[in-house]
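Right, I'll just put the structure down here and ask away after.
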């Protein structure tokens, strides 16, 4: 939760690589072909790294949740009277009777084919529960993500360009303040004010959930949008600050650059210098953050989903933990971690397309 | 020929020597290995100042680091006081009491969080100096020209000017009373007006303490200013060596000639070598300089009849002897004819 | 003040109920959660129902029933005017198939297997006649809470352990409502079954809408987004108090069917005599158990924790079930008396040491672990009181609040635990969980036992009441059992929490409680409430009114347009001369 | 007429650093002016001030007449028109002066498109031409800066400076940080281009020797002031101001026995521009300082034909600098 | 002058430290936001430390709670009462102890792990560093909150668990930052000089790398406390804290469980939330100020 950009490899690599001038002779023969193969090699390396990480996640996903004390089958039957024979049958059904090693290989094999086991409490395949809740989470986080990224970048850019000014101070002040506010608390306050209604403010928005049900077509879309407003506002409020601060400091770092002086010396207008030269360069480190954020937001909406009764993965996770519904917890954990890994890898893959210095 | 330096012609045993030194760095990501130092023989005698000159990337720094034991040579050996250098940490530590390093960038060479006192005392602390640390530090500082020393004790590097910083670096090298200093571009980052003072300090140390020095530089003027002997390096190899006066006033190697000719006040038309300095991961066969050699391209080598040797035959490695030598088929042919 | 929302489709009267619990399954063979079973109650008719007045059995799918003289054969007459929602007739064969399936397929017995455990054979000699043969007499044959499913639909199901009945809608049923749509953790929708034999419900549609957060549900009620907030968990005193002041909202604060107790680990053991778990040995001393309970000020708990929304605990069965309600004699009662509690402990040999801590037989200070449900605020609150009260006695306690209490509980790894059960009109089940027969066969099995109580006297009484088909006499035996349980001191009932729920009177004109005089609405033993609910004239709750949407959208557009205009202006300003 | 005329230019940075303090300069079209001085003396600040490129907050006063028009009082729109089309800059350290994520061709074409309103195709052709002109194959237009070596990058910068056919090129340490050999290449290129295209050149460097070799006239700066000005050779070989003397002595002539084993420098350190010494700012380091130097500021005085030096030893303050400069312009280049 | 001439190395070191502290403070003082943050922190620290004197542990007692449940703010109870009738002002004051302590300990734990991993991974290259960085990367991609919740669920609910869960999941950012800084420091010439002087691994890590990463670590700790306080509140809010301990997050959970949100009992909900936000903000402000004083290159507060 630190304010620093938690840039993965690529950002630091950008700096390192820039400092090493590439021998001139090499670039001379067919730069295009060279960069293409170099990029492929780079991409393969990154994908390989991601695969290792995914494997590590798979392993942890398995062993971490074997640490949960108690007997999963007894937990699963929720204390209902069950004979030892029946318990054994369940163990067999869920493969819990096998030696740990075999359970593990079995689990890996299945996980790789998308089979994450069957939820104890819902008796449906975990993957079904996830695919059921995923669109909802994606809708919420996706909307919030787009908004807070756009807002954060926009305000961050403005703030940096006019740094030290009143607008900058207000901007960073507000961002820092909202950044320090617990999201669930803000959500609760927002519910009190805008959903329940406080004093003269009418409660215009629903207090929770994703839809009223029974609507179709455009009315349905409108209805969902209506439900979306408050949770999205909450998420945007607590999340945009980080993007703003990172964008701002990246741009500030960039603003001392000599090539900006060159650009101005060429007679470019101030806003052109900013749009064409400063911002695209400054946004490079932000890109990583953006992708990482997307991965994290998906995993981090537990609280907002809980507070706003949003039927998404976060709520599912919390519910699964409190049983605990081992396969579901495990499946969600795998899912969350993979989401972050995939997003990080995407960031790594996109980065060199934006910054020619990396990965070639 | 000037004879200001009293000691430098006396034949003493070499203090520090490189024998057939080669340093190869493994190439990055499947690229060819970098032969940064590619067969160097070089001796430094007690009380002698040797300048090592050459273009950027020719391996000067790598050679200097290898001499200090910071890099292990791939081949060949470093000899100090007649014995080969050992690479056990104990032996290295003992060696590093006697040979010191001064780097190009005085601001970078000083830890911004250490005071001048700490910086100078660091060596003493590492080597568990038994005597009075304070006195040792103070005398090293005054030797380096920072007087009164106490005034500088509590200063941080950022509170000093560039010249003062370099003096602190030199003081911290002197505090262990070494026999030899390896200075890598000691004044390159200093202002012209300050440069002279630091060079004068190096000269004075030699006269007062009998300190030997290997000065790495790309500035031929600097070599002229302070060195007894100069070694010109090109692509990991020493291509010409000899007394400063001789090498710099009547260079024999085409490369040395070109280097001297592009100096601003040099007489005659500058011989501007074309192209970038070649890459130590792809050293040309034959004479390593032949791809850029103006003698070869102007056809002069042909006239002398060495052109094909230039392209195919690597001139042998120059020996460590102080006598003037040149690694060039053409120059050698000139002498014999 | 919020005006009731307008219906989106005029004439459709929708009753929206805010709920929190996830549906575990919609299969009658798998579902055990309250919401799921309530939905099944609404969609599948059972053999018998309970009278909303005093919970005596009334006809459901069966119009009449009678036991044979040897008490081992029960014959039910199945009504001929019931139809499945796909038009087919409901017959005795459907019921027989349902029971037989549960008797033969392990997976189908998951949820309600206990009802058929004592069945020898179930047959349907004619479409209107169902015959059940028992192994032993069973007094609960008029309380078989088993949804009867249509054979013609369910016989196609291959794996009952995986079939959740939530894929194709509408679901064929014969209850007052037909399940038409379900989206996990979003809503469950039911349509009124116009051809229900008892008569069509007054509302056209019943929607259970999810509010995982109860505050959100209450707020939704206040705004008219929902008509009803389920009291599961009960509304908090604060919520009830704040809703009470509101017009158009009625708070139903009814005697509940739960008891809230403090269970003591009597030394967990299995039927084969093997002991397990690690309950504190001092608790095996009845005096200690009594002393602990006598240090509990039930009145304070009612006043402070429940803030009046509960009744002080006495016997095992809540007063709502008047037939079986029992309370201790004055001489028997373990009234709040810390001084006497201390005395009892002294007598039992647990004296205070120099630090004022009571010391166990092993010389170490007594320190009890109390298992609590992390999700239940009352556990945590009462726990704090217990801690302070027992500290005054010189006994230490630590509150182990877990999300999943099942594991230590089944393993007998606790000293005391917060415990509570919802009691059915027929008390058999809650009584059975304290018999020796309910203990697990071996430590490896899971028994039906609540907290490993096993008492000969109690067991004898239990067997007697089960075979007693005369209601009055049976009630007498049940009360004796309660008295025995009270004396044992392993189950100390602290309170009977009220069912606190609320609904909008401008949307629901009337709704039946159970018991009718003062009872709950959500989670009744039957479908009375939703079936009987009468819409108010003014309209319904359509959930999330379109006015709100429009205002919201308009506000959003205005804000966006404003921001856009502002930015455009700023942009023009920056494009101007400036460096 | 003079191409560039700087009158009494002063720049003070927000921290109070008086980086440029009353500089007068003039340069005729097609001539080359060198500005020498050690690090921090205000050379780059002066260069930036000429095109009003200083960061916001720096206080600037004085006049910068470019072809007779005062840049300082122009509207921003006009300033932008002058930039690059009227005068372009080759910056110190091409490494950082090129945008790392744009192709060099695009960066060269950018001012062409901006000032000429040429079509993209024309700009592309012109870019190719320019690259060939500075000795790079036109195909390198598609390279990114990091794919070029230091010397190549500096060539790109020069090509870029020529893009709009400016009348004046300001080269701020164009060869610092380059190797001797590359440095020679670049200097030769600059000389050649200036001669060909008849543009004015202001070249900034700390290497007096280089400037003496390249330029017609030379100005030596110390602490934001010009302390000596005159024909390049003379200033280098026979400096009048003690600072200029010390500076030129710092670059030994190889083969000159006087400098063998006798490095010469100047005691003391350059002053901090925010805390300048009183009087003549050079007096704390000056070997020839008089008592009055500590209190009296020394203006530029005549020091021979076409020469000026700001030293008390030069006699009376000189009358005007413009006439002398014009005189000297007649001198031919080497 | 006199002080400088007649002193031994120890005094010198002390003088130096005092000087650099003074210099630090002089620069810190110029950051207005940092000063505000510091003042807020000082206030909170004072409140937390003096809580046993001002409110006493008695405030947490339920059996002798002074008020009746959920009383609105009044003269007697400035912030009203909680669901047991306890004085909320007292509880908020008392809760600061746990919240600050947990935040502090968790942050210190996390930063210590991160620093050790970061410095060693940056100093020793090769397999050791590769493995260490793989682990770090792996922890970095783990959704920290998810992992913390999972850990806190698996382990018994207690303060130690919360501290551990936060500390163990939040160190990788620090490790990466510290490693990057270590690499930067190790590429500086003075490291080469120290090696040439004969300094070993320990000498370089302790005398050169550590002092140079310290500013970063200090700033990181401050920022980390801020996020730890938030995470602690989150875990407490999710009920993963020890329920008998009073903390701000726990109070919020109590408030929510009591239905304060829909009942409009704002006084139960607002003060703990504001306290959390203010403390988190104050630490962030201080952290940023420290960062920009000690490490101006980071450009955060320019």
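A, B, C, D and E label the chains in the order they appear, each numbered from 1.
Just so it is clear, a residue touches a chain if its C-beta (ideal position, glycine included) is under 8 Å from a C-beta of that chain, and two chains touch if they have at least 3 such contacts.
Here the structure is a predicted model, which is why all the values come from computation and not from measurement.
Trainee: Just to be sure I understand: going only through chains that touch, what's the smallest number of steps from chain A to chain E?
Mentor: Step count on the best path from chain A to chain E: 1.
Trainee: Keeping to the contact definition above, tell me which chains border both chain C and chain E.
Mentor: Where chain C and chain E share a partner, that partner set is A.
Trainee: Report the chain whose mean Cα position is at the greatest distance from that of chain D.
Mentor: Relative to chain D, the chain whose C-alpha centre sits farthest away is C.
Trainee: Which one of the chains is closest to the middle, using the mean of its C-alpha atoms?
Mentor: The most central chain here turns out to be A.
Trainee: Where the CA atoms of chain A average out and where those of chain C average out, how many Å apart are those spots?
Mentor: 38
Trainee: What whole-Å value do you get for the distance between chain A and chain D if each is reduced to the mean of its CA atoms?
Mentor: Chain A and chain D have C-alpha centres separated by 52 Å.
Trainee: Just give me the whole-number Å value for how far the CA centre of chain C lies from that of chain D.
Mentor: 88
Trainee: Among the residues of chain B, which ones contact at least 2 other chains?
Mentor: Residues 276 of chain B touch two or more partner chains.
Trainee: Mind pulling the chain D residues that touch 2 or more other chains?
Mentor: As it turns out, chain D has residues touching two or more other chains at 149, 152.
Trainee: What residues in chain E touch two or more of the other chains?
Mentor: 153, 256, 261-262, 264
Trainee: Inside the complex, what are the residues of chain B that reach chain D?
Mentor: Those in contact with chain D are residues 2, 4-5, 55-56, 161-164, 191-200, 203, 218, 220-222, 224-226, 244-245, 248-249, 258-260, 262-266, 270, 272-274, 276-277.
Trainee: In the complex, go through chain D and note every residue touching chain B.
Mentor: 38-39, 149, 151-152, 179-185, 188, 206-210, 212-213, 243, 246-247, 249-255, 257, 259-267, 269-270, 285
Trainee: Can you list the residues on chain E that touch chain B in the complex?
Mentor: Spelled out, the residues of chain E in touch with chain B are 1, 4-5, 8-9, 12, 15-16, 19-20, 188-190, 192-200, 203, 207-208, 211-212.
Trainee: Per the contact definition, I'd like the list of chain E residues that touch chain A in the complex.
Mentor: Its residues touching chain A are 33, 134, 137-138, 140-146, 149-150, 153-154, 170, 173-174, 176-177, 180, 220, 223-224, 226-227, 230-231, 233-234, 237-238, 249, 252, 256, 261-262, 264, 266, 269-270, 273, 276-278, 280-281, 284-285, 287-288, 298-300, 302.
Trainee: For the complex, which residues does chain A have touching chain C?
Mentor: Against chain C, chain A makes touches at 69-71, 74-75, 77-84, 86-87, 89, 93, 118, 121-124, 129, 132-133, 188, 191, 195-197, 202-215, 219, 222-223, 225-227, 229, 264, 269-271, 306-309, 311, 315-316, 319, 321-324.
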